[in-house]
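Some structures to go through are shown next.
In what comes next, subunit A is part of two complexes: it sits with subunit B in the first one and with subunit C in the second one.
For the complex of A and B:
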């Protein structure tokens, strides 16, 4: 198992807008091993969802891939034809979204929607289809699936809808599940249930999971490794433990102190000053330099430096060495 | 089963819908079986009994040639409904396809379709219909085409607007990432969701289409005498209103009005039936 399931190499994406070009992703590289759960953490606009869209090749027309490779099981997804991608989406890589109720077709019963995806990706007879759909509902612990089968999304709770989405997403046993803020809009207890469900299912099906979230504590709770993104750059990649024990990038440090913890006092929470840079007008070597308290000439004048501190921990900061010792 | 239950619910919940559905069924039955049941031959003239007022024998009276107005009104139902229905289906199908493609793909497709529809809309629609029938020839077929063409922009616009909004909705994106092709998305995910407003348009248009067909016949284009058709009958009867023989024009006119009325009311009911969100 030397080849990682997903290996993104040096990926850059530019959005061509009427105002000019926005370099939304710049030289993104990371990998996900088989069965691994990896989180991409960052604030809104940091390029998390763009990364997911690029993996599935569903970027809208304005988004252009400048260079890079997205290797999936050893094949470059970017070289596949659109026709071939239809077999990848939903079968090899599936995705679940935030706001699950809106992500289901409002005028089709949930059972039928599960059947649609099973029919699309597998040779199943019409008779078996119903059983498959019921089985899919069962795997995500939905009570009385025969009854739910006939219900419409508006008749189900948000958590229930997300379970249905998960049932659909894993019905064809994909090897990679992308969960784009799957718990946004759900209440806290439901959030925990949904995350537990995703975790259980990925272990059961030996499925890798890419969790996209802005919630660092949730990422820490459920993921093996964490990728921290800021303004289209990956600033730090590390195993979860290492990231918390030894955060190297100033942004990661700020994120950790900005996350409320059980022990900490709410008053101790620090804000991260400033906003994401405007990528349309500002061309920065380090895109955090505007917000960073440790910034010096090296950061401003030189290209971003990726330092591999250990095989499982790398950081994009000129002052990482100093930070490590500090 | 569940669908039937839902239809029953929609009907019983709203008495106006219920009434319009009953009226609609009545029109359909009349169109199908009417010609078999009428008391008189709608084309047989009887000049001795011309312009008789309504009586037990001739319920709606007789016209200037002594033909039974009731029989003619009943027989005309089939022709008028046929023209309207075929025209509306034609414009529904073509309009949906054009509108959906324009709404989904946007860009040049949208621009070309949009300008084409604007061109149709630029004419006063009834004048355009007159011109089409006059140019192509005075046949029922051409009335159908003319009616279909002038109704086309309405469907295409509704379809375009609906599809354009729906294509960006999360469930369409979800369907895309589960491996649907663009055509499948458009046909099975987006279009069914655009159906409820389209159904309202369909029903409203049935009324317009009937009015349009009758209007063309009224001014002498389209259906030719002695065929029975509501528009012609009103046109013929109009000459006699001043001299007091009101029944010749009134009854076909009233039935025409009733038909238009019925279809307009039916729209809301159809939308409720096609929208499962109303099922609760």
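For the complex of A and C:
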């Protein structure tokens, strides 16, 4: 039983563009255990969503998987045929997208859309479909589901649309739920509602959750472990508490100080100097080296190395050991 | 004399009559306005002041009337009732069409929400900043214009060599800087910032926030900072106004309001902010009641309020002072 639910090994993805090849992901490795909630945190352009798309095999055609494995309960998803993947998507792994209004079909009532996914995956008779859809709406605490069933996405508020998305995603009881920035564009109060809902549902159904977000404090509140990404590299993986108490990568440290917190003034927040490297033209061993204040020759000349500080905490920085002892 | 004083402003949007039956069922039998048209009450009697060189934060959920209030203040929309005083002059009497031609326009400037959408896609960064200089300050001299724009670019740390670029060639942070430069070009007394950082990454957000703090010190402006991120508002503002469905529910000193919120809605807002060390959270259930012809005698928050009782259904709570400069509109808060 020690096989992790999802195990990504050395995944590299290159996007072919007219200007040249962009190595969007380079040697990504991480795993998610059963029932675990893991967050991927990073700035826009760091490769968070590409990772999610790769897991579901819904990458853009320009994106090419160079090498690596995506093991899902012991099977390599990359070896499956497109046809077989249809059985995986929605049933085993499902995804909540960033903008629910854009992700839902605008000319089909939400009830019908939920029915579609149930019909696709479950042995459900036509008669029972309606009941299943209503039940799905009920599980996500939508009031008067019989009325909502007939409504279209534009008639629902943003938070309500996201609830419908969640209802669709969990209707077939997947073992892995990928939530790609599920609360951008929603109010803080709605955000709290949606995140609580995702959390209670994942414990109820024993789902693992991969939460993709740029908000470190949200990741900290809801997730067991955090993966910090920067420009297509994983820079740090750690349990949430450990990451906050003892951040080892300079990027993680900067990210924590840049996030406005409950206490502290404007003077306390720090920004991260520089921009993400242009992956089209620059090939760097450590992609943070341009922005890092501790950079030295070692960082520039040697290949990136992951140091395991503890079994649950690894970091991609040459100075990790130094920082850990300091 | 306060820089800006708003007295009891109301804004109602009339709605089409076609859904009469549905609207009637929503608004009940308490409809008081005489016309047949139902109306959406975006602002229901908002009053506050902004002092010279003060930074005021305005928070609330989407749909609570923040943006309508912004539009009303900078005279992009007419209001139904109430007065807006800028330096003692009632500007609510000037129609939105004429306001642009008065000298007041340069006093109030806005940095709009989406920094990409609010820049003309066919204007270069240079032209974007030049526009208000030409139209409001009537600067025609080319070298003078160029000097001024270079100076502004330096002020917001926008690289001069990128001034000839079009908005789509700039990054999110750079576009935000252009928006700020454009707004401060005419040296306004009041700068309204409508969620200036909502679309930015944390690292860029931090840079922009620092820039805003620096500019306020240098130019002695007042800020009206509209946001839903209470952490940011607390850092930047002296005073916070919390709105709910077109009404001010709580206002007070930033620190008092953040650490000792009195209104149940403010409390819920603050406890909704994600954080690593948060224990007892208030989660708001229920749905927002309809803003179309709301019952004037019912507290607008009562449908979602954890404390709601019968009194809230009969009497709308009014703002009352509970400690110095701290006003709350709730039956449950005593002075």
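In this text, the second predicted complex is superposed on the first by the 325 of 326 C-alpha atoms of A that agree within 3 Å, B and C clash if a C-alpha of one lies under 4 Å from a C-alpha of the other, contacts with A are read in each partner's own complex, and residues count from 1 in each chain.
Criterion: a contact is a pair of C-beta atoms (placed from the backbone, for glycine too) under 8 Å apart; a residue touches a chain by one contact, two chains touch by 3 or more.
This one's a predicted model, so the numbers in the text were calculated from it and none came from an experiment.
Room for both subunit B and subunit C is found when the two structures are superposed via subunit A, with no clash between them. In the superposition on chain A, contact of A:22 is made with neither subunit B nor subunit C.
In the superposed model, A:270 lies in contact with subunit C only, and not with subunit B. Of the two partner chains placed by superposition, only subunit B is touched by A:102; subunit C is not. Contacts of A:120 after superposition: subunit B is touched, whereas subunit C is not reached. In the overlay built on the shared chain, the residue A:260 is in contact with subunit C alone; subunit B does not reach it.
In the superposed model, A:215 makes contact with subunit C only, not with subunit B. Counting the residues of subunit A touched by each of subunit B and subunit C gives the higher count for C. Within the superposed three-chain model, A:78 lies out of touch with both subunit B and subunit C [touch as defined at top]. Once you line the two complexes up on chain A, you'll see the smallest CA to CA distance from subunit B to subunit C is 8 Å.
Note: no residue of subunit A belongs to the subunit B contact set and to the subunit C contact set alike, using the contact criterion stated above.
Considering their complex, residues 2, 169-171, 173-181, 188-189, 192-193, 195, 275-277, 279-280 of subunit B touch subunit A.
For subunit A in complex with subunit B, the residues that touch the partner chain are 56, 58, 86-91, 94-95, 97, 99, 102-108, 116-117, 120-121, 150, 152, 154-155, 165, 168-169. Put simply, subunit C touches subunit A in their complex at residues 61-62, 171, 201-207, 209-210, 213, 228-232, 235-236, 268-269, 271-276, 278, 281, 283-284, 287.
Contact residues of subunit A toward subunit C in the complex are 43-44, 143, 158, 187-193, 195-196, 214-218, 220-222, 240, 244, 254-255, 258-262, 264-266, 269-272, 275.
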